[in-house]
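This report refers to the structure that appears directly beneath it.
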Amino acid sequence: MAEPLFRIRNLKIRIQNGGETGYPVNDISYDLCENETLGIVGESGSGKSMHVLAMLGLLPRGLAVESGEIVFAGRDLLKMNAQELRNVRGKEIGIVFQDPMTSLNPVLTVGRQISEVLVRHKRLDWRSARARARELLELVGIPDAERRMRAFPFQFSGGMRQRVMIATALACEPRLLIADEATTALDVTIQAQVIDLIRSLKERFGMSVLWITHDIGVVAGFAETVQVMYAGQIMERGPVRSVFYNPASAYTWSLLKSLPRPDQVAGEPLYQIPGQPPNPFRLAKGDPFAERNPFATPRCFEERPALRPVGDVQGHEVAAWYDLKTRIRETGGAE
Amino acid sequence: MTRTEPLVRIENATKVYESRGWRNARPAPVVNGVSLDIARREIVGLVGESGSGKSTLGRMVLRLETLTGGRLWFDGQEITNASRNEMRPLRKAMQVVFQDPYAALSPRMRVGDFVAEPLCVHSGRNRSEREERVAELFSTVGLDPALMRRFPHEFSGGQRQRICIARAIASDPSFIVADEPITALDVSIQAQIVNLFKELQQRMGLTYLFIAHDLSMVRYLCDRVAVMLRGRIVEIGPAASVFGNPLHPYTQALLSAAPVPDPDVERRRTRLIYDPERYPAGEALEERAPGHFLLV
Amino acid sequence: MRVSSKFGSIAGIIGVSLIVLLIAVALFGPLLGLASPTANNLMARLAPPSFNTTKGLHLFGTDQLGRDVLSRTIHGARVTLTIGATAVLLGGAIGIVIGLVAGYYGRWVDAVLMRIVDVQLSIPLSLLALLVVGTIGPSLQNLIFVLALTSWVQYARVVRGQVLVVREREYIQSAHAIGLGDVRIIFQHILPNVLSAALVIATIELARVIILEAALSFLGLGVQPPSPSWGRMLAEGRSYMSSAPWIAIFPGAAIFITALSVNLTGDWLRDLLDPKVT
Amino acid sequence: MSRYFLIRIGQSLLAIWGIVTIVFVVTRMLGDPAVLLLPLGTPDSQIQELRSSLGLERPMVVQYLDFLGHAVVGDFGLSYQSFRPAMEVVLERMPATAILTASSLALGAVLGAATGFAAALARGRFLEFVVMCFALAGQATPVFWLGILLVLFFAVELGWFPTGGWDGPASLVLPTMALGIFVAANITRLFRSSMIETLSEDYIRTARAKGLMPRTIFMVHAARNALIPVVTMLALLAAELLGGSAVTETVFSWPGVGRLLVQAIDSKDFPVIQAGVFLIATIFVCINFLVDLLYTLLDPRIRLGR
């Protein structure tokens, strides 16, 4: 594999609420390579969005990085001063957020919101910035770009706004594009179009993509690597085919199993994961998924597992004490 | 069709929202001439993009929304123009579960009281009988009856949705409109709720209108599926037939766009784009396969 | 959370304790055995504040008629708080009901009620108060009526705005779906969820009403003498500003502290009840 | 857009009509103007005479329509005190009130915007604490009390400025300070909380994620959105001040509309009261209309018709 574009080591994020302390991101480490597309899957509270906000220095009030490092292109983002970090944001790392309705400034024209990134980072004058912004709008598939430059966000549909967000994120041809639930608020058909758009732009710009989603189906198609997160921890990561076809974490396995398959017999109930999502303020001391895991071993409740390689597949790792296949055989499947 | 009398019958239903002020002289209808029969114990899925009118149709069926045009029957009784008082006894039999379990619970009301509310309206039980029934309902939907006295903010999304379901089944209804009931839930919880819906349907003989945009869940849960586009049903038929052999280009586009959790399948397939310009709007539904209709 | 919560809650505690203190003073102050607030004592005119008891104990000094300023200030608290609280409650009750009705029923009901609100808002509130008291004459009841009149509009506007939001919530839809009547929906489901907003308005209005009452009294349109009121004391003390400033300074400070504590409490309540936080 | 303004103009006219009606009703609530006008013990015949000369025997509706017709052209009759046209009496007091309003609004807006902005930027730091203490104090201080204190200190003790009346620009200083501090306190608090709320919006996060400089984020992305409620507040305050801050004008013996109205109310000079209220309300409605125009400049969602 190629050189890592960034490297996260032992990142821990703390949340303080009243007297309680929680860890929405609880000691994670991983690498992302140049040109790699990494899909991060997790539900709310898994820490999937939180850790990229930390990366960009955008953590909301009340949250803080407790320890760890995020080395991007050789520099630790967490040690940068505000100005150095600003020079990375929007220039080397572009991000598209979930809600296109609220993520664009309602009182500024779309053209202005794209051009200002170019003025800021590329030191262009406003005229050439606008010209480039128009090209970008065309690039992300917005028809009649010249006229749309002068329009305001509320005059666009949800899908179109998300295209504007993508144009903004890509304006400076960043080395990394982060899509944080970028298609969650969109209709299925629009979602597919946006995914295809980002896929083709990735080819064109040769950048890495970090795709964060709660929908495991979304990443199946175009991620090279998949990373499954739960309760602020990485449960499993590896090449997409290996993770989907040979999940080694009970959580990944359960997620895939709980989705209805086209060939599912109608009368047969879906596999359901028991229990409720984890509370970041009351984390178990062992494997966070243990209490919802029918295959958990006593050790799972006692001690937190670290990532370990799975079989001989390059890069496939799991955080589990058990061997899933063996456990499934021993327990005779779930239920 | 050789079915017995349907539980719900919608004929040519239309909904046009009056424009505020006099800005738009003639706004486009949100629901446009929709006809649909729902048989007893049937689960009908309603899919379509946001703004297609599927939620409005769901509310119209419950008469939470007046009909601008068309007619509506419930259990053999015409309720197109029924007044609120005439509707009240029927409300016992028709219920609703909404998408967002965070907005669906009255934040300053104990969840037990919330579940008991339909009982206060529709039955003469006294307080202790009601409480007994609420406890029973809590167990039915898989919640500990001891939680009755708590407030909504103490519950997770999945638990809240169970509370909403408990309220919906409290008056022993025969028909429930479920308006995107799993969309807002965590992935690891969705299957729990879908299973609960299925189980209740079998146990109580319920009829559902299940509005959703997760196609795989609709395929799994529903007997028949209707696809809505811009206020019209463009295709309707048995789930297996619609999903196995989609006829309308919009249905085809929808199915080709739905993410599938299988890398090989996902990589092999080609996306179809539905371009409304290239297809005529369609006039009437035409039967193309047994029970499978297409708007042409 | 919007405001640095530590500062906010300390300020809130200060505000609430000041209010409690004021109420206590208003209730029990007259029991302290001070000189009567209306007792003239021409021998002790314009005595400066002192602990000296030769002319009778006057901690805040005496006014131009030799009346004890402390005693008058304490009695003024009674008058001010009674008028303020009654006006705010009355205005609140009217405004909340109108806001609920306008927001819930919408359409022409809303249009008519909101036009009335617009018209009322087109007259500066202090001018409206001046005009009405000036014409119907000053008295305790009229003052309360006028202050309530200037204050219901704010409740109505805010409550209506909240109702428009709450009305679309799914639990209201679901209340319709089980066939609940309008009255139960409005009072059991909507009212509890707009009350916190109304409470915040109440504190803002209380501070405003207290200052407005003082202003009207200052102009001689408030509570009539000999009943002491802070605004009137200020007006009377004005002429003695250079020789006996305490006559005007103490009631002014009393208005200031009252308004400040109400504002502090209001800010704290707003942060506490902010729907964005919950 | 033009349709929106037509509706707004219609609403404004409706509001003015409502006000005229209220003025008519309130002044008639008092009873018979003829009785009130003439000294006590005037013989009935004289009262009757005045009644017919004032047109008071006509049916209420006719009187109302008559009143409306004259009100439209600003004719409210002669002042009972000076026997000059009431509107004229009010209008000649307007400049003094307008000057005071303008100067104190300017002071308050500049001071309030600056301190509010500073407080929002210095969130959680000592500066914010200090600014907010001053703002809270400013809001809780009754303007007339502040006025009295200012007079006592700057006029009586130091003798820097006149104690009251209109005597050259120096007399403007103290009333401007009193009202300006009040305006500033309100603006500071509103602008700060509005800025803080805006800064928590998603689009500000987007702006930060784009690596924009804090200056750009505050001035371009946040301030424009945060100013919208401030504009409303300023308009409300402007209207309130133009309505004649009766008490402040009394404290400073300022020859403005507010003091005139207090005197008119005292002497039951109804034509002047009616003319004054009508004028102020009309100005108020016009200001609100201007604010709507300003809104459309600040917020494209309104301008382009949502």
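Here the chain labels run A, B, C and D in written order, and each chain numbers its own residues starting at 1.
Basically, a contact is a pair of C-beta atoms (placed from the backbone, for glycine too) under 8 Å apart; a residue touches a chain by one contact, two chains touch by 3 or more.
None of the values given here were measured: they were computed from a predicted structure.
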Smallest number of contact steps required from chain A to reach chain D: 1
Reference chain B; chain at largest CA-centroid distance: D
Whole-Å separation of chain centres (CA-atom averages), chain C against chain D: 21
Chain centre separation in whole Å, for chain C relative to chain A (CA means): 52
Mean-CA-position distance for chain B and chain A (Å): 31
Residues of chain C touching at least two other chains: none
Junction residues of chain A, two or more chains touched: none
Residue list for chain D, restricted to those that touch at least two other chains: none
Chain D - residues contacting chain C, complex: 11, 14-16, 18-19, 22-23, 26-27, 29-30, 123-124, 128-129, 132, 136-137, 139-142, 144-145, 148-149, 151-152, 156, 193, 196-197, 200, 239-240, 242-247, 250-251, 261-262, 265-266, 273, 277, 280-281, 284-285, 288
Residues of chain D defined as touching chain A within the complex: 201-203, 205-213, 216, 220-221, 224-225, 298-301, 304, 306
In the complex with chain B, residue positions of chain C that touch it: 169-171, 173-180, 188-189, 192-193, 278
Complex contact set, residues of chain C against chain D: 2-4, 7, 115-116, 118-119, 122-127, 130-132, 134-136, 207, 211, 214-215, 218-221, 234, 238, 241-242, 245, 248-249, 252, 255-257, 259-260, 263-264
Of all residues in chain A, those that touch chain B in their complex: 43-44, 158, 187-193, 196, 214-218, 220-222, 240-241, 244-245, 254-256, 258-262, 264, 266, 269-274, 276-277, 292
